[in-house]
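My questions will all concern the structure given below.
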Amino acid sequence: MAQYKMHLLVCGGTGCRASQSERIAGNLKEEIKNLGLENEAQVVITGCFGFCEKGPIVKIVPDNTFYTQVKPEDCKEIISEHVLKGRKVTRLLYEDPSTKEHISDSKHMGFYQKQIRIALRNCGFINPENIDEYIARDGYAALGKALTEMTPQQVIDQIKKSGLRGRGGGGFPTGLKWEIAAGNKADQKYVVCNADEGDPGAFMDRSILEGDPHSIIEAMAICGYCIGATKGIVYIRAEYPLAIQRLKIAARQCREYGLLGADIMGSGFDFDIELRYGAGAFVCGEETALIHSMEGLRGEPTVKPPFPAQSGYMGKPTNVNNVETFANVPAILLKGAEWFSSIGTEKSKGTKVFALAGKINNVGLIEVPMGTTLREVIFEIGGGIKDGKKFKAVQTGGPSGGCLTEKHLDTPIDFDNLIAAGSMMGSGGMIVMDEDDCMVSVAKFYLEFTVDESCGKCAPCRVGNKRLHEMLEKICSGKGTIEDVEYLKNLGAVIKDTALCGLGQTSPNPVLSTIEHFYDEYKAHVTERICPAGQCKALKLYTILADKCTGCTACSRSCPVGAISGEKRQPHVIDADKCIRCGACYDKCKFTAIHVQ
Amino acid sequence: MFNNVFSVMEKIKITIDKKEIEVAKGTTIYQAAKDNGIHIPTLCYLNLDHLKIENRPGGCRVCVVEVEGRKNLAPSCSTECTNGMVVKTHTVRVLNARKTVLELILSDHPKDCLICSSSGQCDLQKLSQTLGIREIHAVENAAVSTYRKDVSPALKRDMDKCIMCRRCETICNTVQTVGALSAINRGFMSVVAPAFEQDLIDSPCTFCGQCVAVCPTGALTPFDDTGRVIRALSDPTKTVIVQTAPAVRAALGEEFGMEPGTLVTGKMVAALRTLGFDKVFDTDFAADLTIMEEGTELLGRISKFLEGDKNVKLPILTSCCPAWVNFFENNYQDMLDVPSTARSPQQMFGSIAKNYYTQLLGIKREDLVVVSVMPCLAKKYECQREEFKTNGNPDVDFSISTRELASLIKAANIDFNALEDDDYDSPLGESTGAAVIFGATGGVIEAAVRTAYELFTKKKLEKIDFTELRGLEGIRTASIDFNGTMINIGIAHQLGNARKLLDGIRAGLYNFHAIEIMACPGGCIGGAGQPLHHGNSDVIKARFDAIYREDAGKKIRKSHENPYIVKLYEEYLGHPLSEKAHHLLHTHYFEKNKN
Amino acid sequence: MNKIKSIDDLRKMKQDLESGMNIREKSNSPESLVQIRVAMATCGIASGARTVMNTLIEKIEKDKVQAVVTQGGCMGYCYAEPTVEVRIPGKDPVVFGYVDSKVAIDIIEKYIGKGELLEGIIPVNYQTINEKK
Amino acid sequence: MGAFKLQDCHKKTIADICTYYKNEPGNLIKILYSAQREFGYLPEDIQREVARILNISVAKVYGVVSFYSFFTMTPKGKYPISVCMGTACYVRGAEKVLDELKSQLNIKVGGVTEDGKFSLDCLRCVGACGLAPVMLIGEKVYGRLEASKIKEILDSYE
């Protein structure tokens, strides 16, 4: 590898690419060339840095300068000032929202301070399309160690000892899963990587595949070695073109190096991977549904047992793990189970990646030790609530999870605590809501998703979620009754109790948890007929404040249904019966005379 | 070895509803409960154990039970018992869940029970009654899933009534391998339907109707021809005659509360006469005729084969079953010259009636209405095929099912159970035991063997019962000694088994001389026009046994000994496979290409 | 393409490759490393700072010194350019003036390597814009 | 939209795709994926042809096509618009963006404008949550959207 004095790491994740990071990389290279610095500075396109809020990101090492929201036009200045003259471009540095000071080194940013990166260790650090960079960071050393120094059982024991649990949502102990699959005899077995990430608002799997595809390939090979499988399949969303491309490149490089294929590292172990595309069905995150989808069938789940470890893909023992789970594996083997289990809480070891989104200052991907509190995540790493609003709730676990409130802020996050609080880890989506968010609407949003994504196989999920959604709609449109809320509770409980697969068994969680934690808000909707957050259109009451109204008639002219009347230069009035709550008058009024309740 | 036997026998103890019971390892909670008199309701689960047909999607969630130590309720149909398991099938939690789930299903189901063609037969209706559903919690104007309706000659689809039990899908794909139906769409709009929700007539559907036979609601129902029959009966210008298929007599009694397997031949004839049919004839007569034609065709092919003729097509395949004909026309275009060209008994009867019997009566064919009572829905399609019409007038005008006949009898205020036995009319009402067994799988080939043996060997059969050809196994094979020449016979019922045999023949794996194929499980006795078995295959077994009882009781048990058949050839047809016989009793097959 | 046929192949490959990544690895934990900062403003470059920096980087690689070389802006000692600031963990930073390739090597061998003091140290009493706290 | 008529060249394309995937029914989804990329959508005739080549029932093929939201039986507009309806986008106002698109284009979700220029769909998280709310026109991502920006964006497409 050539020696450069300076590396310019440009984020090539989907988010930053959407903001022209490719052009930025191109411009940087161009400018370097213009100034004849080709032998000194190198531009590297990496995976996601996580700090998507401030993307596109350009990080310069060795001095660890972290430039945010870089535009293609900024490249010239970065090269001529920073690279050539060593002067940082202050205006592109991150500004601490509280102190308003520019922070140059990402190490000193609140966003990164509490993070420990294991699964994301290479994201934003290496060029994911260059296997050499991965190998330089001890890549494939874990596989080599497993193949040459350890028996499959020893590897499984290490994983078991590390306490690693499935990161896809369920939290099943990974080592135990491998052991079961290893114990079932068959002529062919399969290792499947579940990359059909579907939680709306979660993108950690995509980021790992885009930023560090080799770690997944390496871990799948290790798993194959453990359970006795020679074939690996990555089931990946077709909507992730970049991740697919990077995986393909990585696999090709592995084959060229002999890290996939026959007799890997002279150990006699054969392994290779192929890709299968998920075609847009959230339920395929459920492993039996995923397997059917891989077989070219409708992605419907089947009753377990039999578990995939007994009879999975093509009826053969199959081990399915999620991307993030796999990403932890090489690190565990290299650094040891003790190291891994020293991080985290008693029953949840290691770290967890969360996709922080919603009404929060620092939207992005973060990795924190299990046991970090919600407060630390939201207020320290996340930088608090956007626009200085008040925190209201945080939704974890996507459509399967629930909403947590202020009283949960100091709960250490781990699998069991979240379940105890009525939510769940899920794949790690974390959506922050502020005072403007109506919790009934939020529940409705999730149910709409579940209704869309239900496979339709079992009655409780197929019809029950539809009915939940209809009832929430009724409440949001101001026609609900307190009995409806009670019925929601019963119906939700029955769906949880009777649905066939994980999707249906958790789909009522957003409703049940919001009813539990925000009962008053539901009550306000059905008894007082108001939406405290002012989100539910039908429950808004528009009135004109007579003291502010100048009688300019802008509102009455904008009203599509003629609900506003009044004389010129006299205060106007809104006929609440005619009003369709479109908000047109509100937008038009220059005198803030329209009052919304 | 001993170990294996022992492990199969391994027993475990469980407690269901405070009752301690012992079950074999591997038993499901549902089965264990059922074996001990606890009937857990279900809508999707179907187990026809005599026929090895199972549908277990675990989708309706009605059979859920409480299992101690388990977080959520367990579907009893697909949860195996484990040692020491404690199961409760009717706690408040279970009953609430079961009722709520049923309410959900009903909330997306039309409520026209009063006028639904499955009313009184509907498993969903019955369960709603059992659980005492009196109201359905849902918002006003709650969404319902609606779909394109489809009426084919044999059956009707009203998928608004589908509850996604997937029984039809399993039957159509796994059992029959027809592939006309599949689950389509997703979530609330998911339903079982042909591709693109097209009409069945444009799909590869064979009209076997087995989907109808297992549908727990009114989503899939037979096409109803009773109105047309009543109109014909009341038309003074028409002579209306009826033929009854062999399997009908073994099942019709069930519609009147009789034990499955009760033979009601005499009562049925009496009822038909009371209904006003001018003549009551028996399809069995035509079955004997079929044996004469098909048996002769078989012997011809075998003789040529034994003489070394390389062009002869063997094995010969039976062609009585209209669903089977539809199946091979669509799937085995390369083998269309393999099946016997003999028409089915229904069509032979129609042809003889419209051509020969009209002569006897001296009336025009347009003035004779031939009605058939069949255990079958595909017969409705068959009698409308163009090749069985003369100048647009069909040989068989209407084909009604066993269940339709029952409803006609009920509507005519006939006390079926009190009827005196009556006899068929002559000449088309006389038949042999060989014809009766057409109703069960293996029966056609056994009847053919009885005749072919005597014609081939010129010897009298010592033992008429070929028990080696009987049974409910899906595929059976036997070799019959024709006085030193071994004749290899294959038998399959259910089209999936037929496909296995046919694919084997196509690949050159077998050397059968003759193969009998029936589309429905158990043969015609399990036909889709029969009284519904509601998932209990004991019913089919009982009909099966009844058919052979009827045969054993017949004086004449070989088709070629039927005196009226002999007479028909003497007076009218000449000899089997004569030109006239060819014209009236044989057919040809068409290439269809539906997928 | 060179196939990796054994674990030793892999290890050797890693060794060959890791120097290229060193600069990034080191930036991961700069606190624990010796930080060498070369003033690279116009004045610095004009007086040969770039050559000095290259020398420093090569020397570090060669001797496998746990140090990271970064560039900084003008430190305000234009009279003494090229200037180099060295910050050893736990010690106060020291600034060297009039650094050329020879001095650069001495800084690494003697000051960093053996802890010997060298000539040319500029008394420190400064803050740079970037460091302002 | 005229009914799609299967030509010999189309048949060859489909056959090539199926051959590439070894004519295995297990690869159905990959085959459909490739076919859709080739033809833009999956009309009846294409599904029938795939079923015929793989020797499976067309009901099964349709069962799969109608199950996965990725597959479509109607052609998309020249510029397919997809609005992200992930949670992050939702709480940052994706619905308003969608409403604006619906009224600007005068079509419903899943529809195509009369001139065939735009089609409108929703999709699950594209993972650009930092830019929420987000929409895609073709492959191009538009982030930090506001309803007021929509007209300008649409106008930029000829």
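Going in written order, the chains are labelled A, B, C and D, and every chain counts its residues from 1.
One rule holds in what follows: a contact is a pair of C-beta atoms (placed from the backbone, for glycine too) under 8 Å apart; a residue touches a chain by one contact, two chains touch by 3 or more.
Keep in mind that this is a model prediction, so the values were computed, not measured.
S.K.: Weigh B-D against A-C on C-beta contact pairs and write down the one with more.
M.R.: It is A-C, judged by the count of C-beta pairs in contact.
S.K.: If you average the CA atoms of chain B and of chain D, how many Å lie between those two points?
M.R.: That gives a centre separation of 44 Å.
S.K.: Averaged over CA atoms, how far is the centre of chain C from the centre of chain D? Could you give it in whole Å?
M.R.: One centre to the other, that is 54 Å.
S.K.: Averaged over CA atoms, how far is the centre of chain B from the centre of chain C? Could you give it in whole Å?
M.R.: Each chain reduced to its C-alpha mean, chain B and chain C end up 89 Å apart.
S.K.: Take the average of all CA coordinates in chain A, do the same for chain C, and state the distance between these two points in whole angstrom.
M.R.: One centre to the other, that is 39 Å.
S.K.: Which chain A residues touch at least two other chains?
M.R.: Chain A, residues with two or more chain partners: 281, 298, 452, 455.
S.K.: What are the residue numbers in chain B that touch two or more other chains?
M.R.: Correct list: 183, 185-186.
S.K.: For chain C, jot down the residues that touch at least 2 other chains.
M.R.: none
S.K.: What are the touching chain pairs in this one?
M.R.: Those chain pairs satisfying the definition are A-B, A-C, A-D, B-D.
S.K.: Can you tell me which positions in chain D touch chain A when the two form their complex?
M.R.: Touching chain A: residues 24-30, 32-33, 63-64, 67-71, 85-88, 90-92, 123-132, 134, 141, 143 of chain D.
S.K.: Which stretch or stretches of chain B touch chain A in the complex?
M.R.: Contacts found on chain B: 56-62, 64, 72-73, 75, 78, 80, 93, 96-97, 100-101, 104-105, 107-108, 137-139, 142-143, 163-164, 183, 185-190.
S.K.: Give every residue of chain A touching chain C within the complex, in rising order.
M.R.: 1-7, 9, 61-64, 84-88, 90, 104-105, 107, 125-126, 132-133, 135-141, 144-145, 147-148, 256-259, 265-266
S.K.: In the complex of these two chains, what residues of chain B are touching chain D?
M.R.: On the chain B side, the touching residues are 173, 178-186, 193-196, 203-204, 595.
S.K.: Help me check something: in the complex, which residues belonging to chain A touch chain D?
M.R.: So the residues of chain A touching chain D come out as 14-15, 17-19, 51-55, 197-203, 206-207, 238-240, 276-277, 279-282, 293-299, 314, 355, 357-359, 363-364, 395, 398, 429, 431, 433, 437, 442, 445-446, 449, 452, 455.
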